[in-house]
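What follows are several structures.
The following pair of complexes shares a single chain, subunit A, combined with subunit B in the former and subunit C in the latter.
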Partner chain A sequence: MSPYREGARARVSTVPILRLGDVLVTGLLGELDDSSALALAEELTARIAQDGARGVLLDISRVDIIDSFVARALMELSTMAQLLGARVIVAGMRPPVAITLVELGIELTGVETALNAEEGMASLGWRQSDALPAEPRA
Partner chain B sequence: MNRSEASARSILTGVLERQQTAIAERWVQVQMERGEVGGGLAEDELREEADALVAALSSGLAGDLPVERVVAQHRQLHDAVTDLSMRRARAGTSPTATSLAVLSLKEALLACVAEESLDTRGSLAVARVVNRLVDAAGALSFETYVEGREEIIRRQNRQLMELSTPVVQLWREILAVPLIGNLDTARSQVVMENLLEAIQEHEAAVAIIDITGVPTVDTSVAQHLMQTVKAVRLMGADCVISGIRPGIAQTIVQLGIDLSGIQTRATLADALETAMGLTGQRAPYAPEHP
Partner chain C sequence: MTHPGEEAHHGGESADAGWALETSEAARSYPVRTEADLLTVRHAVRDATEELGFSLVDQTRVVTAASELVRNAYVHGGGGTLFIDPLRQARGVGIRLVVTDEGPGIEDARQAIVDGFTTGSGLGHGLGGARRLMHTFEVHSVPGKGTMVTAVRWTDR
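Take a look at the complex of A and B:
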């Protein structure tokens, strides 16, 4: 890493990272620029190690554009997390974003995706409690 | 030359003014006799057309535009000619019949001019003016006719595009797209957009792309299918391709297309069973295999 690592860590991303048991939950808003993507990756890996998280849920349902740099950052984040023993799930990608990525020929190899945050949490092992109706959308 | 043309024009204008109805009537008769009117145009429709066009021609000639540009620039005349050819394009009349119908106005005009007592030189000058006028109208009508046909083709294309890419919900969390016809870039784009929107809307976990109706699968079709599958996966859903006929399986292997990353099934029923397995649902009964 860079010798200015401490300085980079001070530049924290603006999105909150919540911890639910052994899962970290966070989301992205609007357009993600290069420096905040890097800052997020750095902060997340630090939190995974610190909290001993087993899963990371990254909600991108409010993201309109993902460019090749951010896509790469997501792939790297996913690999880093795997090295630390955690699964990253990217949830809620919008149709235009998916089409753009495919047209640019970017495959998010190694990145798990989920339809929405709920599905993402379910595949990380979180289940709805029985007190709630089993199929709320049926 | 110029003087004779000017006088020929004024003679013609006079004839048109005096014999408007007679010319229109004659024109209709010429068209009916030659049987150039197909496609369900009734006689009174023809008469209406003829009246409008002859009236427009008369007022166009009475104005001061040069003969070569009367048809193109006199609004009323231009509209009358385009209306006529548009109507015929829509009614399915052939292009030859349409332009011949316009050109047969020449005959009607000349017949009426012949009734005037003119010397040879004078009638020749009038005939030339008539020729130029009606030829321009014929060319314009042909052009409009082609435009009309192209508009029809464009509209049908659009309708076909909308018709051919429906996304249906087969089961809870399972969507299907039955593809029919050849899959080109524009269509695969529409399919992809519709499918992804539907996945988001229905929160579907599995999408089945059924290619039973796709006649051939070549490298570009396979490429489009792969792209769609990738986009579906990015959304967090799974994708199964069904309807692969034996012939298509052979082509895919012979072309060396790698579909190994994609789940494929022979029939939609098999794909539905697979999809239900993927979503953790159980089919009420498994499809029977004889």
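Take a look at the complex of A and C:
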């Protein structure tokens, strides 16, 4: 029984996915519903393949709860990304969310995390200077 | 897992499988019929816990537990109802969540609570996790009739 399937197709994620070099950057909103979470995961997976991305940074600093449904969506996204040769880093989890996840007994197996978006980007090998145009030679 | 001093409310299952809803006058009910309702009730639980003075971590615990229970009612129970019952008693302040549905029921509630047990494609951590996030937790279920889960968390422990 999956009451979600229809909704997941009908909705389009409203969170923009930016591309910085070979990294895709996006964020989850505090208000994300189940279908939107699934839609975003699907869209990210498609974009990884399309853009040949090597990494995905998912900022969750605005997410105020993660239950088993969203946790599973994150784990599945990471697995899919891995199969496509990309790493997913989930960044900025709020402390109460982390505490609650532990008590739920969910380890987010296979999901890499970072304290915040900057550290996440750094561990994906992305530096600010990479995106700047080359200095004109004197 | 009943709080000391609290009369265990093992809901009186009457012949017509209606159960005694042990909620106070202050309880409010919210339908859980659509996916949008899942968000609405999360907000309602968040607001209630905030108003009752739960810490941010405890708010998150209760909202997450509520989210697991209403999703179960929605996914497995074909929809149901959440009762949010603020408890302001001599022994303390807390919140009682009661989630009911008239779905197929749970054949073996003991087994369903075990982490990793699922009849669907979930992680099977919903019931067991929600139990750990709350102070008291009771599942009443009659196969073919429905399910009622009652859970309480207090602010001060």
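The rule is short, and it goes like this: the second predicted complex is superposed on the first by the 117 of 138 C-alpha atoms of A that agree within 3 Å, B and C clash if a C-alpha of one lies under 4 Å from a C-alpha of the other, contacts with A are read in each partner's own complex, and residues count from 1 in each chain.
Everything that follows uses one rule, which is that a contact is a pair of C-beta atoms (placed from the backbone, for glycine too) under 8 Å apart; a residue touches a chain by one contact, two chains touch by 3 or more.
Remember, predicted model here, so these are calculated numbers, not experimental data.
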item	value
Three-chain arrangement built on subunit A, subunit B and subunit C clash or fit	fit
Touched partner set for A:N116, first subunit B, second subunit C, both or neither	first
First, second, both or neither for A:E31, with subunit B first and subunit C second	second
First (subunit B), second (subunit C), both or neither touched by A:V15	neither
Touched partner set for A:I65, first subunit B, second subunit C, both or neither	second
Touched partner set for A:E107, first subunit B, second subunit C, both or neither	first
First (subunit B), second (subunit C), both or neither touched by A:I99	both
First (subunit B), second (subunit C), both or neither touched by A:M80	neither
Subunit C versus subunit B - closest C-alpha approach in the superposed model, Å	7
Doubly contacted residues of subunit A, that is, touched by subunit B and again by subunit C	95, 97, 99, 103
Subunit A contact footprint on subunit B (complex, rising order)	172, 189, 192-193, 196-197, 199-200, 203-205, 227-228, 230-237
Contact set on subunit A toward subunit C in their complex	1-4, 7, 31, 33-35, 64-69, 71-72, 95-97, 99-100, 103-106
List of subunit C residues in touch with subunit A within their complex	35-36, 38-39, 42, 46, 56-57, 59-61, 63-64, 67-68, 71, 74-76, 115, 120-123, 125-126, 128-129, 132-133
Residue ranges of subunit A touching subunit B (in the complex, touch as defined)	90-95, 97-99, 101-103, 107-108, 113-116, 119-120, 137-138
